[in-house]
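Note that the chains take the letters A, B and C in the order they are written out, and that residue 1 is the start of every chain.
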Amino acid sequence: MKLLVKDIVSFLGEDLQGVKGAVCDTDYVDNVADASHTNATTLDWINKSKQDKQQIAESSAAKVILATPEVVYSEQLDAQAKILLIVDNPRKEIAKIIDKFFLEKPLSGIHSSAVVDKEAKIGRDVFIAAGCVIGKCVIGDGCIINANVVVYDGCILGNNCLIQAGTVIGTDGLGCMREKDGSLIKFPHLGSVKIGDNVEIGANCQIAKGVLSDTVIGNGCKINGLCFIAHNCVLEENVWITGDTMLCGTVHVGRNATLFSNVIVRDQRQIGEGATIGMGAVVTKHVPAGETWVGNPAKKIEK
Amino acid sequence: MKLLVKDIVSFLGEDLQGVKGAVCDTDYVDNVADASHTNATTLDWINKSKQDKQQIAESSAAKVILATPEVVYSEQLDAQAKILLIVDNPRKEIAKIIDKFFLEKPLSGIHSSAVVDKEAKIGRDVFIAAGCVIGKCVIGDGCIINANVVVYDGCILGNNCLIQAGTVIGTDGLGCMREKDGSLIKFPHLGSVKIGDNVEIGANCQIAKGVLSDTVIGNGCKINGLCFIAHNCVLEENVWITGDTMLCGTVHVGRNATLFSNVIVRDQRQIGEGATIGMGAVVTKHVPAGETWVGNPAKKIEK
Amino acid sequence: MKLLVKDIVSFLGEDLQGVKGAVCDTDYVDNVADASHTNATTLDWINKSKQDKQQIAESSAAKVILATPEVVYSEQLDAQAKILLIVDNPRKEIAKIIDKFFLEKPLSGIHSSAVVDKEAKIGRDVFIAAGCVIGKCVIGDGCIINANVVVYDGCILGNNCLIQAGTVIGTDGLGCMREKDGSLIKFPHLGSVKIGDNVEIGANCQIAKGVLSDTVIGNGCKINGLCFIAHNCVLEENVWITGDTMLCGTVHVGRNATLFSNVIVRDQRQIGEGATIGMGAVVTKHVPAGETWVGNPAKKIEK
């Protein structure tokens, strides 16, 4: 796949702060790669966090490099006829370019082995992979549902969601009460799961339905694999949850909060807007907006 | 669905301590709901733990309310012609009523896409959903097996079990020994999994088979999603395990014990009858009956 | 199944240090069992770690016993005409014997309900169970893929791997960056998963593909159920990971390391060769070769 540099320039639009070096109409890249596999036609980039940006640019095997403004067009770069595409955040831009030009996406369609309830409402341009079991639910336009996913009756997915393989959406939670003899009475679940637009959920997760009202996952949330979102949780938009994390029942997570891996949050607790929860934290209290908490039990730290 | 109040009275039987207000033959309810969705025909209830029970009763939009004896039939309730059904634990009774009258349950039958070994013994009134793979095993009467569940050869499920989607029952455990060069020899597993009656297992769990004898899950146990029950664990009856919990090999859990979420219990340990293990606990020692342990490593606390 | 003692002797080969008692051509065993189910034709064994080996040998109901050299052929054993097969590690030898003679293994073949991409390269003597979804990938000779496993496009499995039910191999990782408004940009994943020979992966795991290069699992690794191996992790050979463990992105684990259950390792961290990580540990730093670390956060302990 040849991607012309002038097409990258066009795609970057206002994010492009400038170009250093001469661009010919025929200049192209045809791959992205990590440092050890970079070649002349790789589209390379230099992370903002690197100390030695100038040297990385000068020693890269690639002709075309996304870089921040502080990289100067030195004699050495000139001698190599390199092209610097200047942006504020090269890693973010390379991500967008890969997603647009290099990532293979499945064609829409429902695999013949998927079992989709005849009352399900499936949007346009939806991909449902082999082995999925989709109940009486709503799947928005442009969703990609990978293999062996199960969506129970009543769930609603917005547009452009991506659900990775093996995940289960809409199973019962399991709140119980004991009888005098110790036997367990489960509170039945009549609610459902309502997922917004542009949500990604990783592999082998469980998203439980609500008890009487719904479990809600807001627009733009990203949840990694093996996570457990219990009944009646409400995630506002753009919450990022990395792998193996569990939210107990009725947890509320504010917008733009980030929960790193293997976190557990006690039921009824609130994580404030923009808060950060560290890896392995056991959260037993409300976490105010913007704070960072870590540990078991989790406590506030200064960033 | 109209549910007559006189039929609720009949269903409650001995649990009903009395009725306050007049019941007509035609009085009915047709829904249950959370506080923000209650209407005139909701069957409402007031949790024992609430402080302001009288006020909740008087301000509820619902005509029919399950309440404890301390709610008095005030002038205000009389003026609204309300009906109080007096019970010891309203939340427990509403759970039973929902389960009986409001919860839609799957019709029995085996979905055409499920793969059931011809030597499997399937009881009466069993539901096996799409995508299940059921080996040479025994499934008791009235079981509900949701989508994409896998049951390996040799497993036995009692009557009226509910298995949520994606769970795997009867996989190998993975106890290993190292050779001198570091390579790993796995101890093979010849045992199986034996599950009692009225057991619920949540989504995407793994229940491992025993090594030589069986892994045993007693009658009435309730296990939430993403749990890992390792080889040769024995759970006595009515054990409640909430999500994301792991029992290592040969753990013994006494009857009526409760393990909250994201707990791990070391192999060979015993959790005594009626013990409680707190969220996120790392249990490395035996826990005596009736005690509550929390933390990493877990220690006893006074309740 | 009758297994002649002389065939066991032959199978043990150089591992057999000697035989105590007389072996007839017709002597046989026909089962292995735990202590409470041992009978005359059980092949019994005495773990190295037992204190009272002599007494166990003399009181075993079995005629044939794998034992260490310190068990003497007493008058009592002679009177019972017992046969002691002397080896250095009876538990290891019984594991090999069970695997060879007593364990039922699936016949090779691809179940008709499995969905295998027509561009997949499937080796000889491979078993692919019902409900599997296998993308454009390579599956080596002798692999056993249990039910409902998903392997994404591009993954490579070596020879003689065993994948337990419900596991997902090759899903995306989920590293994100935030835009100024908080919305999340996911870094796309172009890499894959490369698994060596003789690897076992337990049920309902997620093994994520690499971002630009591959996630690598070396020869002989054994990973138990519900584990999460994130993008670009590299596991050298013979790493043993027990259940419910998570390795964040780009973790490197040296050969012969052991990670016990419910461990989490922070991204970019290195676990040295032969290191041991205790149950429930939260590893935030590099762990040098040969050390043992436990706790949250994990710290070195003396063994």
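Criterion: a contact is a pair of C-beta atoms (placed from the backbone, for glycine too) under 8 Å apart; a residue touches a chain by one contact, two chains touch by 3 or more.
None of these values were measured; they are calculated from a predicted model.
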Superposing rotation of subunit A relative to subunit C, computed on C-alpha atoms, to nearest 5°
120
With touch defined as above, tell me whether subunit A and subunit B contact each other through largely the same residue numbers, more than half shared, or through different ones.
different
Per the C-alpha means, the centres of subunit A and subunit B lie apart by a whole-Å value of 32
For subunit C, residues that touch 2 or more chains besides their own:
113, 131, 148, 166, 204, 226, 244, 296
Contact footprint of subunit C on subunit B as seen in their complex:
113, 115, 131, 133, 148, 150, 152, 166-168, 171-174, 176-179, 182-188, 190, 204-206, 208, 211-213, 226, 228, 230, 244, 246, 248, 264, 266, 282, 284, 296-297
Contact footprint of subunit B on subunit C as seen in their complex:
32-34, 36-37, 89, 91-92, 95-96, 98-99, 102-103, 111, 113, 129-131, 146-148, 164-166, 200, 202-204, 220, 222-226, 237-238, 240, 242-244, 255-256, 261-262, 274, 279-280, 295-296
